[in-house]
Each structure stands twice: as structure tokens, then as C-alpha cells.
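The next part holds the structures, each set out as C-alpha cells.
Look for chain A in each of the two complexes below; its partner is chain B in the first and chain C in the second.
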Partner chain A sequence: MNIDKIMTDGLSFSLPLFIMAIGGIYSERSGVTMLSIEGFQGFGAFTGAITVVILRTAMGSSPNWLIYVATLASVLGGMLLALLNALMVIKLKSKMTIAGVVVNILAVALTSFLSSVITGAVTGQATNKIQLGVSPRYTIPYLSEIPVIGGLFQNIYPFAFIIIVVALLAWYVLYKTSYGLRLRAGGDNPHSLDAAGVDVNKIRFSAVVLAGGFAGLGGIAFTYMMANFSPSSYVGYGYLAIAALIFGNWNIRTTFWTSMFFGFSRSFSDQLVNELGMSSNYSDLFSVMPYVLTLIVLIFFSKHNRPPRALGEHFDKGKR
Partner chain B sequence: MTETIVELKNITKRFPGIVANDDVTLDIRKGEIFALLGENGAGKSTLMSILFGMYEPDEGQIFVRGEKVRLTSSKDAAALSIGMVHQHFKLVSNYTITENIVLGDEPLKRLGPLSWVDLKGASEKIRSLSLEYGLEVNPDDKIEDLPVSTQQRVEILKMLYRDAEILIFDEPTSVLTPQEIEYLLEIMEELRRGGKTIILISHKLEEIKQVADRCAILLHGKLVGVYDVATTTTQRMANLMVGKELDFSIDKTEHDFGEVVLDVSDLTVYNEQKVKVVDNVSLKVRQGEILAIAGVSGNGQVDIADAIAGLQNISAGSISFKGEDISRLTIKERITKGISYIPEDRQKEGLIMDLTLRDNLAIKTFDREPFSKKGILQPESFEQQAEDLIRRYDIRSGQGGQTLTRSMSGGNQQKAIIAREVELDSDLLIFVQPTRGLDVGAIANIHQQILEQRDLGKAILLVSLELDEVMALADTISVAFRGQILKTDSVHNLSKEEVGQYMMGVTQ
Partner chain C sequence: MKKFITRVRSALSGLLVPAISIVLTLIVASAILLLLGKNPVEVFLGFLRGSGMVLKPRYAGGQGILTDFFSYFSILTPMIFASLGVMLGLRAGLFNIGVAGQMLFPGFLASVLVGYSNLPSYLAWPLIILIGLVAGGAMGSLIGFLKHRFNIHEVVTSIMLNYIVSYVTAFFINTYFVDPVTRNSRTIKETSRLLISGKADGVRFDFPVGLIVALLAVFVIRFILDRTTVGFRINAVGLNKYCARYAGINVGGNIVLAMAMSGALAGLAGVTYYLGFANNMVPKDLVSLGYDSIAVAVLGNIAPVGTLFASILVTIFQKGSIYMSSNVGVPKDIASVIIGILLMFSASGLYIEDKLQHLGRTVRPKRDSKTDKDKAEEEQL
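Let's turn to the complex of A and B:
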């Protein structure tokens, strides 16, 4: 069995999942139920991809740095859709779960429509499948030759580095800064935050928008792994990220491990299918493995879980 | 010496259907303990919420230290060194004491572009503050692990940490045991010695008498007057507060008891943490009898009541109701058999706060005729019942049956529960701390209800922490101590002092 491949693929799948889960943690720890990671991810990826297409056409060439522009665009795109989500749940006080589902549906519909329209206008060929260039990949010398875990250091996407840095920063902000202290208070007892003179809704608003940015970063990473963006890019990774954060008990450190667990179980099952040379019917069955694991894990661990106490409650000053 | 620090001039505040404050004018002096006395719903909390910036008055002006101010948020109040301990604590349960205290006003440490919350430094400051005022806490403890009294100290420290000069306490003793109350009152005196101005919202006359210098009495949103506590008797304060001459004594006619309604024998209960909270308890309640379980909080008395009502599983013993073992029945079956239950926590277990009063009143009977016919709810019946009960039980609510339960005052919420439970016409009524946190008027009303039910021949089990209440109402007293019943006897054979001794576990 190709251990290196399991390691390489596992990591490149886990990290985007992890950063998306961090987005969910930000939102949920502030008290806003977050189901729209999937939508933010897709919309972000779309924004990134379409930016690449526009720039590529305008310049007539495809330089390497486009990938970083795409990343930035994807983050902003995720934040843009998150802005809408935040408006719905915080300003307009719509039900958080419903808003989440609506945003997800909207993202799929909007991106497939806009893909066709924009590619048509820019390149003259309307398609909802946006081809991206191939992402460069890096192998770290020496480390990549270590047995078993060497694979972790081979063929790394540039996103891996970005995600690791952003994740560390996100951890620092959430657990060490005053913003983080306030954010986490918002999900436990928003009234304490209000009494301390902090605007609860502002904090929550910012947390949701940040969640969009994190999801956008995860989204572009997944998109470059598949080399193109299309509406069929929505395959449930956003929900998997939510499962990872629940399993990780709304804590960034534990969620890192649960994301790894999901990522590596997926690359493992992929390799297993390859190794056994199974037909595509069976391989589909095996790709279900991470989701089945999710289900099992959630069944067994849910009762030890402690979601934020005020999760899903709108903040209303008058309510005692 | 008598420098005025806060002046409220002609404050009026209206809520839908209610004038909470009606032209109230007060002045509070620096360094005094100023009490605000009034029934539930008299407008005390609203008035202080205005001073704390949580509501803006519709009319009137506020002066702090001689300057006219406009308070639009608690931040404005904090800037004027006004702090408040709310009735419902505003604490983050999974944070440490330190984290809670610094929240919103975090001390930062910096290194280049990075800044982080300096919890260590804050912790030290809190430790020294807590020593200075005798408020013992360990700053690194998590709130969820702490008893209510300690949480309250955290709230006080929160104000002191922010250098508050004017400290508002909203019903601070309603959640405390007698010893803890003593301790809190001492802290208040300590704070006064430290030069702080204290505003104490309360309806407990004794504690006002004990610590306050002056006392303003509110009635139905209007100021009755400001009185010098030292020269005003508690009886007079009570009368002013309810607006009519009040009779403290309870008329209880002696009568013979009927058949045994509730027969609990050898009951043992373990709680969720597998701790034995009820230990081999036996008791009997007869028709027309009030059996009161006295005891210091947390000695298993609530667990006994919960076990009878079916809220807690029993692990040994039997509960028999009118000769039938009910210990395996569901809660609903027990209700149908004729058990009414007035729980300790009216907001958590007694009512659904976000439903209307009308729906809460029908919450145990909605599936019966006339409230539903063939599975279809009959709103007119809900409405009729609500109107009827609101009138008969004097439940005050802004918009009648349509009032949101959450918006009602505590006393009226309790009246609603009692109305609902009494209307079930059950043979057994269980009252757990029925007058907790209520004012004199509401307490008298509820005592009257309990006695009426007794005289109708109902069996009544009363769990109360207030020894005076137990002595006044009970026919028979059982004293709970560490999950056991130490003593059961007729009220005529026991003095208050004896019961107090048993409550401490002294058995001679």
C-alpha cells in the first residue's frame, strides 16, 4: 500500500477541512449556529476561480502568482456571502438554521448561473465549469524522506502553508486576545457581554464574516485540488467541517485532530480502493467511509459534547 | 457629609400596558446604603435599570454628582462609576472568575503588533481586591463549579474591579441562605465604610432594617415616600409597601385530618451524580393536613418532592397515593391521578417563559376537554380559563391572557402557577418554596391559598427553607437533614428553636 500517498492526500484534504471548521468554531462560539460553511466555501471558490479567468483573459498569460490572487479573492468572496448570512441572522433575526440552509442553496444556484454568464462574457464560451491552472506543489527536502510520515512533506500545496499560518493566528486570536475572550463569551452568556458594555451583535457579526473568510480559504484549496470549479464542487465538505468541529467539541485544538482523522480516513479508503483494484461501484462505497465514520463518531461522542450554551439564541436585550 | 451623589427627577417609564415608574423623584447621598422597597412589579428594578443605562426614561432627568446625564447603555453607567449586581447574574459559566471580571475591560500586554489579555496580572489584582473587602474567592475557579453565593461575590468584585462608586444590588439575598445573607450584609457595611454608595433593591424588610440608612418605598410605580430606616418600624414599612394595613398573622382553624393520601415509605433517591440525596425517608400526609419539610437548603427536601412528582427516579422504597403505588408511573399519569406540583424554580420547571400566560395556564390540561376536542385545540376555552383565573387569582399582566410570561414579574408568575395547579383540583398539592423571592403582599396571598386548600380537605406537602413559614403553616413538621428525616411531629409539640436545632443535625 502506498503510505506516502495516503499521507500526502490525507494532509491536503485535512487542512482545508480544518480551516473551514475553524470558521464554524468562530461563528458558533460567538453564539451563531453555522450551517452555511458549504455555501461560503463554494461561493468563495467561485469568486477565486472567476477572478483567475478574468485576469487570465485580460493578460493573455497565466503567471504563477495568480493562485495567490485567487486565494485572496476566494477569502473575500466567502466573506461577502457571510455578510449576507450575518445580515439575515443578526440584523433581521431570521432563524439561524433556516438562514444557513438558504445560503447554501443560494450559493449553488448563484454560482452556476454566474459562472455561465461571466465566462460567456469574458471568454465568449459560456460554461459553468471553470478550468484553473495547475497549482505548484512543494516537497521539503530531507523531511520528505522519513519513513512512513515522509509523505506529509511531499507534494504540498501552497495552501497548506497559508492554512497553517492562518490557523495558528486564528487560535491565538480566539484564545489569547480580548476579541477572542468577548467572542467566546457571546456564545455562552451574551447578557454578560452586554452588561460588560460590549456590543454582542457586532461581535457576532464579525465572527460570521470571519467564518466566511476561513471557509473561502478552504474552498479555493479544494478547488485547486480538483483543478476546476463547477457547481458539482459542492460535495458536502462544508458539512464535514461542521461534523469535525462538533466532534472536536468546538475547540480549535481538538478540531485539528478530528479534521486529520476525517482527512486521513478518506485518503486511506481511496488508497484501499486503488490497491484492491475495485470497480467504481465499490470505490463509491468506500468514499462513503468518512461520512459513515462521522455518523458513528457523532453517535458515540455527542453526549460528552458541550456546545456553547447560548448557541442559536438571538441576542435580545430585554430578555432576562 | 450629606453630599448628594445621584438625583432622579420626575422619572416616568412606560411599558406596553403598564406604567412602571410614574413621576419618581429621589436623591441618594454619598456613602449611604439606600434601600428601594416595594412589591414585585412596583417598579424598583425598572428604576434602577434606568440609572444603569439599560432603559431610557420616557420623561424626567438624571443627575450624577450634580451633573445632568443621559445614560444609553451600561457603558455610560460604568463611565460614571455606577455598577450593578443583577438579580440574574451575568456570568459566563465556562470562564474563570478572572476572565469574567475582566470581560469588556481587558488589561492587555503587548509585544510588537501582538497583544494579549493579561490574565495573570488581573488575577493578582482581583486577589488583592477580594482580600481588601473580605470577598473570598479564588480567581482561577470556573464559574460553573461555584455556588450561587460565590458567583454573587464575583459580581461584586466585577464592580469593584471597575472602580465603581455607586453599587446597585438587585434583590441580592433572594438566592442566598440565611448565613450567606448575613455575610453579604456585612460585606455591604464594609463597602459603605470604604466610601461606596449602595443602592439595595429588596422586599425583605428585616435586611433593610438591618443595614440601610434610608429607604424609598415604591407602590405601583409611584414613590410613596423616603423614610429614615432607624425611626420607622418594619410593620409601618410593610404597610406602606402594600398600601393597606397588612395582617401578618395567619388564621388557621384546627380540624381533624382525614384519610392518608400520600404514604412514602423507606424512600431512597440517588441524584445524577450518584450521590444519595434521599436516605430511607418515610412520611404520611392526610387529608386536610399540611406537612412541612423544614431544613437548610440542599438536605434532600426538594429531591423528596421531585421523587413524589415523578421528576426523579427512586432506587428504593415506595410512594403510595390513595393506597396505590405510583412510584413507577409517569409524571403525566401522576398528574392525572391527582397530584399538583409547584416547583422550586418557577422559570425553569414551572413555566415556559416564551409562551403566553394563557397557554401556560392550560399546560397541564390542554389535551383534555374542553381545551381540546378530538385532538383539536379550542382557543376560546384557553382564553376563557385565562380570563377567569387572572381575575380570581389576581394575576397582574399587561395584556391579559396574551401577555408573554417572561415579561411578567416573579410574583405574578408564581400566582399563575398556583392558579393552574390549584385548578387541577388534585388531592395532593406539593409546594416547593412557594414564596421564594416574593414580596409581603404576594406571600400573604399564597399562604392564604395554601390554607384554603387545606381547609378544603386537600393533602399538602410543603417544602420551605423559611422557618417562619413552616411554623406558621404546618400542621406537622418533618425536619430533613442530609437526606434523612430527623424528626416528625405536630407543630404544637415543637418550638421554632427546636426545629432550628434539628435543622442543624442536633438530635439531643
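Let's turn to the complex of A and C:
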């Protein structure tokens, strides 16, 4: 069994999942039920991919730094869609779960529509697949030689470094700054926050938009792993991230471990199919693994979970 | 007579918010189309022509407006069932987002167990409907049970089940039931397809049997929700489960029951889709109808008859999109964009209502609108 491959693939899958789950944590800790990570992720990735295609066509070459422009565009794209979600939930007071699904449906519809329109206009081909270049990958010397866990340091995507830095920052902001305290109060006791003179809706608004940015970062990382973006890129990782954060009890540190659990169980089952030399039909059967695991894990852990107390409630100043 | 007038007036004011959502959607959609340099009128006509509501300029041999119209009915049928399912869940405060999976599983079972057999129609049809009810209901009650017993949010469960069902059925289709040419599942026998073929003036058409069941279901569900204790309990749980528990209602049991009914309706949508509108299955494909049905239920004011009318409208976009895109040249995904925008506006119905009240008009209060709360508070004082 190829342990290095399991390690490498597991890490490159779990880190984007982790950053998306952090987005969910930000939003849910502020009191806004978050189901639209999937949509932010896809829309962000689409924005990043389309930026690459347009810049590549304009310049006629594809330098290495394009990947960082794509990342930035993806983060902004995710935030843009999150803005819509925040507007619906906070200003228009639509139900949070329904708003989440609306945003997901809109994301899928808009990206498939726009990618057929734009790729048609830019490349002249009737396809909705946006081809991206191959991302560079790095191997850390010495560390990658360690047996068993050496795979963690081989063929790392540049996103891994970005995600780790952003995740550390996100952890610091949420737990060590006054903004983070206010954000968490927004989800647990918005009225005390209001009494302290803080605008609850503003805090929630910013949390949802940040969630969009985190999801966009995760989205572009997933997209570069598949080397192209198409509307069929929506495969439910956003929901997997939600499961990871519930399993992680709305806490960034625990969610790190749950994301790792999902990532490595996935790469393990992929390797298992390879190793046993089964036909490709069976890979469908094994693809079920993360989803079944999610359900089983939730069965055991949901009961003891403590979601933010005011999660899913619109802030109503006059409520007693 | 006076009673009649107030009833008509309240029915009309209930239509106001959906009507405004529809108008806003058409405006935004027209703006997008104008940006693309297309004539919105042409596009909307294209949708109507594709659904057999407006005459096309020309027809292939043996086909006519009736063919399109009845084929519109055969996609309308699963839409009615699916959105009724979503609606029923929402009534109990449950968000059944897994309709697509609850359609695929019964559709797969019915195809495999009955679709490929040589049973005559009069035996096959009831069996297929039964499989839809039972398999869909089982999936629904599993979701309800996990929610009730283990406190797992129904949205997460149903999405996980969606993926599990789509991968597992894909495995079985690819391994045992694949058509080597199309790579889809083998087509089912014509005798077990839920269609009655006919001919009028040399024009072929297929009448979907399920449509009768669907219309019946609308009124049965309406009766259950408005006139029976079962419906009362479901509504009570949806409005305030703590209050319902205090009143002695078994909240958990009703959650499972509502989810089972919602799943059963989704199951009926599945069999009428895969063994009526279509006659095979695409591996790993979850139909977008399952998600569109959420838009329909919300647009229909979360009421059975409203849902029926909303289905009729939304299906026009779905059915007409292929004809429209090949004749007007706008990618057919615009249909989902339009449905998404429609959903966005109808989800903001509360805000629209508030704005309308500011304008000084009387709007019938929604189930959980502010006016209800205000009234309760006044009574308390």
C-alpha cells in the first residue's frame, strides 16, 4: 500500500475542506445558519478560473503568478456571493436555510450559464469546461524523507501554505480579538451584544462575507486539484465541510482534526480501490465512504453537540 | 355573499406577493437577456412554444402542439409531487432538500423490479406507484428518525443520502443494467411506462397516468393539512415545537411522520419521472427538478393549491428551455438562472410584504409574519 500517496492526497483534500469549514464556523458562531458554503466555493472557483482564462488569452502566456491572481479572484468571488446571502438573511429576513439553498441553486445556475457564455466568447468552443493550468507543487527537503508521515511534505500545493497561514489567522481573530468575541456573542447571546452597544447585524454581515472568502479559497484549491472548472465540479464538498464543523462542535481546533479525518479516510479508500485492482465501477461504491462516515459520525456525536444558542434566529431588537 | 367576497379578497391578497416576485423575476431576467443582446420576448415565447402553449412555426411529422402540451404534462406530474413533498416538510418545519435522492432511489427500484419485467400495465402501474410510495417514504422516515433520535439536521442527512444513493445506484446501473450504447440504464418496457399513448388528427401524444394521481394528491394533502387532526399536529409542530410539546403533541413522532409523507411524495415524483417522463436513468445524475421543487413550494406560499399553480409556472421554464435554446440561441441554463432568481424573490416574501404594508395596503398575514406576533402581544397586554 502506497502510504506516501495516502498522506499527500489526504492532506491536499483536507486542507481546503478545513478552510471551508472555518468559513462555516465564522458564520454559524455569529448566529447565521450556513448552508451555502457549496455555492460560495463553486462561485469563487468559477471567478478564479474565468480570471485565469481571460488573463491568459489577453497576455498570450501563462506565467506562474497567475495562480495567485486566481486565488485572489476566487476569494473575492466567494465574498461577492456571500454578500448576496448576507443581504437576504439580514436585510430581507428570509429564512436562513432557504436563503442558503437559494444561493446554492443560484451559484450552480449562474456558473453553468456564465461558463457556457464566456468560454464560448473567449475560446470559441461550445464547452462549459474551463481549463486551468497545472499548479506547481513543492516537496520540502529532509522532512519528506521521514518514513510514514513523509508523504505529508511531498508534492504540496501552494494553496496548502496559504490555507495554513489563513487558518492560523482565522483562529487568532476568532478567539483572541475583541472582534472574535463579539462574533461569538452574536451567535450565543445577541441581545447582550446589543446591550453592549454593538451592531449585531453588522457583525453577522461581516461574518457571512468572511465565510464567503474562506470558501472561495477552498474552492480554488479544489479546482486546481482537478485542473479544470465545470458545473459538474459541485460534488458536495461544501456540505462535507458543514458536516466537519458540526462533528468538530463549532470549534476551529477540533474541526481541524475532523477535516483531517475526512480527508485521510477518502484518500485511504481511493488507494484501497487501486490496490485491490478492482474495476472502475467499484470506485463509485467506494466514493460513498466519506458520506457514510459523515452520517455514522454524526449519529454518535450530534447528541452531545452544543450549537451556538441563537443559531438560525434573526436578530430582533425588541424580542424579550 | 359577504363571506364569499371576503374569501375571494383574501385569496387574491395571498396571490399578491407571489405575483410581485414573478414580475420582478421577469424584469431581472429580461435585463440579463438584453445584456446578452437577445430579445426577451422571443426567449419567453420560446419557453411557451417548447411547452406546447403557443404554436411553433413548424412541426415534425406526426407531431403537433398537442404532443408538446402532453409532454409538458408528463414533466409537470413529477414536479407537482416533488414540490408537494417539499411543501409538506416545510409545514412541519423540516427542510427536505433531498428530494432528488428520494426520487432516484424509488425510480431505480421500480425500474429494476417492475420496469424490466413483462407485467401487463394494469398490474405494473399500481406496483410502480406502490414502490414509489414505500421506498420514498422509507427514505423520508429514515431522515426524520435521525433528526428525532440523534438530533442530526435533516438538511445534512438528506444531502448525504443524496450522494450515497446516486453513487450506489450508479454502481448497480453500470454493473448490471447498463445499455452499452448510451451508457445509461437500459430502457424500461413500454407496458410499464406510466403513459397512455393516443392519436388525434394524426398527431401523437402521450398522456401521463400520474397526472391524475398528482391532482388527487394536491387535494388529499390539502384536506389532511386543513381538516384533520394529523394535519393540525404537523402544522403545530412546524409553527412552534415547544408549544406543541406543551400541548401534548408527540413532536418526534410527527417529525418522522411528516418526513415519511414528504419522502413518499418525492418517491411518487421519482417513479413518474423515471418511468413516465423518462424511460431510463443516467448514472450518478440527480435531477435538477428535485431542487427546483423547493423554489416551487416557496413560491406557492407553502400551500397545496399554491404549489400546484407554482408548478405549472416553473415547469414552463424547465420544459421549454431546450426548444428555446436551440431556436433563440441562449444557453438552456438560463432556465435555472430564472428559477433561482424567482426563488430569491419569493424567499424574501416577508420583506416584500412589509414594504407593501408600509405602502398602506392590506395583505393577508403570512403564517409567521410580524402581524401575527403583534396580535399575540396585544392579546397578552
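Observations, loosely collected:
In this section, the second predicted complex is superposed on the first by the 319 of 320 C-alpha atoms of A that agree within 3 Å, B and C clash if a C-alpha of one lies under 4 Å from a C-alpha of the other, contacts with A are read in each partner's own complex, and residues count from 1 in each chain.
Here is the rule we use: a residue touches a chain if its C-beta (ideal position, glycine included) is under 8 Å from a C-beta of that chain, and two chains touch if they have at least 3 such contacts.
Note that the coordinates shown come from a computational prediction; the quantities given were computed from them, not determined experimentally.
Counting residues of chain A touched by each partner, chain B versus chain C, the larger count belongs to C. By the touch criterion stated above, A:Ser116 is placed in contact with chain C alone, chain B being left untouched.
After overlaying the two complexes on the shared chain, residue contacts for A:Lys176 are found with chain B alone; chain C is out of touch. Residue contacts after overlaying the shared chain place A:Val198 against chain B, while chain C stays out of touching range. Once the two complexes are overlaid on the shared chain, A:Leu311 sits clear of chain B and of chain C alike.
Touch criterion not met for A:Ala70: it reaches neither chain B nor chain C.
Judged by the touch definition given at the top, the superposed model places A:Asn189 against chain B, while chain C stays out of reach. The contact surfaces that chain B and chain C form on chain A in the two complexes do not overlap at any residue. For chain A in complex with chain B, the residues that touch the partner chain are 172, 176-178, 181-182, 184-185, 188-189, 191-198, 306, 309, 317, 319-320. Taken in their complex, chain B has these residues touching chain A: 54, 73-75, 78, 84, 86, 88, 90-95, 99-100, 102-106, 108, 114-117, 406. Within the complex, the chain C residues that touch chain A are 36, 95, 97, 146, 150-153, 155-157, 159-164, 167-168, 170-171, 174-175, 283-284, 291-292, 294-295, 298, 331, 333-334, 336-337, 339-341, 343-344, 347-351. By the touch rule above, chain A contacts chain C in their complex via residues 35, 88, 91-95, 97-99, 101-102, 105-106, 108-110, 112-113, 116-117, 231, 235-236, 239, 242-243, 246, 281-282, 284-285, 287-288, 291-292, 294-295, 298-299, 302-303, 305.
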